[in-house]
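Report on the following structure.
Chain lettering (A, B, C, D and E) follows the sequence in which the chains are written, and residue indices restart at 1 in each chain.
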Amino acid sequence: MLRARVVGSVWSTKRLPEIPSGAFLEVEVEPGTRLIAFDVLGTGIGELVLVSTGSVAAGWFSGQTPPIDALIIGSIDEPTSHE
Amino acid sequence: MLRARVVGSVWSTKRLPEIPSGAFLEVEVEPGTRLIAFDVLGTGIGELVLVSTGSVAAGWFSGQTPPIDALIIGSIDEPTSHE
Amino acid sequence: MLRARVVGSVWSTKRLPEIPSGAFLEVEVEPGTRLIAFDVLGTGIGELVLVSTGSVAAGWFSGQTPPIDALIIGSIDEPTSHE
Amino acid sequence: MLRARVVGSVWSTKRLPEIPSGAFLEVEVEPGTRLIAFDVLGTGIGELVLVSTGSVAAGWFSGQTPPIDALIIGSIDEPTSHE
Amino acid sequence: MLRARVVGSVWSTKRLPEIPSGAFLEVEVEPGTRLIAFDVLGTGIGELVLVSTGSVAAGWFSGQTPPIDALIIGSIDEPTSHE
């Protein structure tokens, strides 16, 4: 998993209909390295999170797997080493 | 997902017959980092998009999954942090 | 697999309920490159480990695959080349 | 997909028996970044190609999926942006 | 696939029981970039090899797929472009 901080959100009106309910959050893994992760936990901007990437992100959803390749799987309680 | 801007398109006449209907669009994730994503949404050059990569891109297609490893899943309504 | 050293652990109280029993350990692959790997072996901080990433990490778990994309599959007995 | 140019080929006599018929071609994604892609299209050295990576490459083959993680899925007709 | 040279091996006594018979070999893709690949071909140190990564590595094994994300699929007969 990646350890990242939520820095924003994006909206997409024109999109594939198979995208489930949830939010697209922009997360920063390290300065300058960002990606968009899907969130179903109600995560807020500024939170430090764990992000799973690849097919395991899509595999979390029940039914037909959506085209989602990054999922926030939890918020980190406290940093332990850096940051 | 990657946040990227569509910068061009490519055509491939000599290709595997399993490639579905759609367009190969060149997208730029950050200056100097480009990849080719498949598009089924009619996305135009200059649009800011969300790109899913890996097997979830192929898994979106019904029937036998095509050898597509990057798919535009939506256009971003407005940038929220950088760019 | 990645060869990495365990440098810390993270806790996540607010998380997806599908995450199995085990620990989230922060590992360092090389100076400055860290990721969070799931551990079911009772690995301690400071140990040198093998980390498998991607869907094979989730596939190790029996039953429904959890949204885990990095798994410690073993501790390395002795370094053989660098470090 | 990656946009890459074919720069050579490699032969492997001692190999897993599950590798199907085809060629291992070395492709250059950008100066200094090369990988080996499997080719079933009869692609020649110097051609500009689209390469799909990961499990979708293996998934293209019928029957048992071979341990192939990069596949040339087409030749690009003409460059549109750079090169 | 990655083209890499075998530079060492690692042993892991404390490991998941699902890891099959074979060797963990350390390979160098380019100066400074190393990973651990699983070997079932009896590859020796110094050999130039093809490494497949991701779920296709695990998928090569029959029965339940082990948590292996990099597999040596062959030895390269002769270099054709660089090195």
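Heads up, the rule we're going with is that a contact is a pair of C-beta atoms (placed from the backbone, for glycine too) under 8 Å apart; a residue touches a chain by one contact, two chains touch by 3 or more.
Nothing here was measured: the structure is a model prediction, and the numbers come from that model.
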item: Graph separation of chain D and chain E (steps between touching chains); value: 1
item: Neighbouring chains common to chain A and chain C, by label; value: none
item: Cα-centroid distance, chain C relative to chain E, in whole angstrom; value: 19
item: Intercentroid distance (Cα basis), chain E paired with chain A, Å; value: 31
item: Per-residue multi-chain contacts in chain C, two or more chains; value: 54-55, 57
item: Complete ring sequence of chains beginning with chain D, oriented so that chain E follows; value: D, E, C, A, B
item: Interface residues, chain A side, partner chain C - complex; value: 1-3, 40-41, 50, 52-57, 59-60, 71, 73-82
item: Chain D partner contacts - residues on chain B that touch it in the complex; value: 7-16, 18-19, 24, 26, 34-38, 54-55, 57-58, 65-70
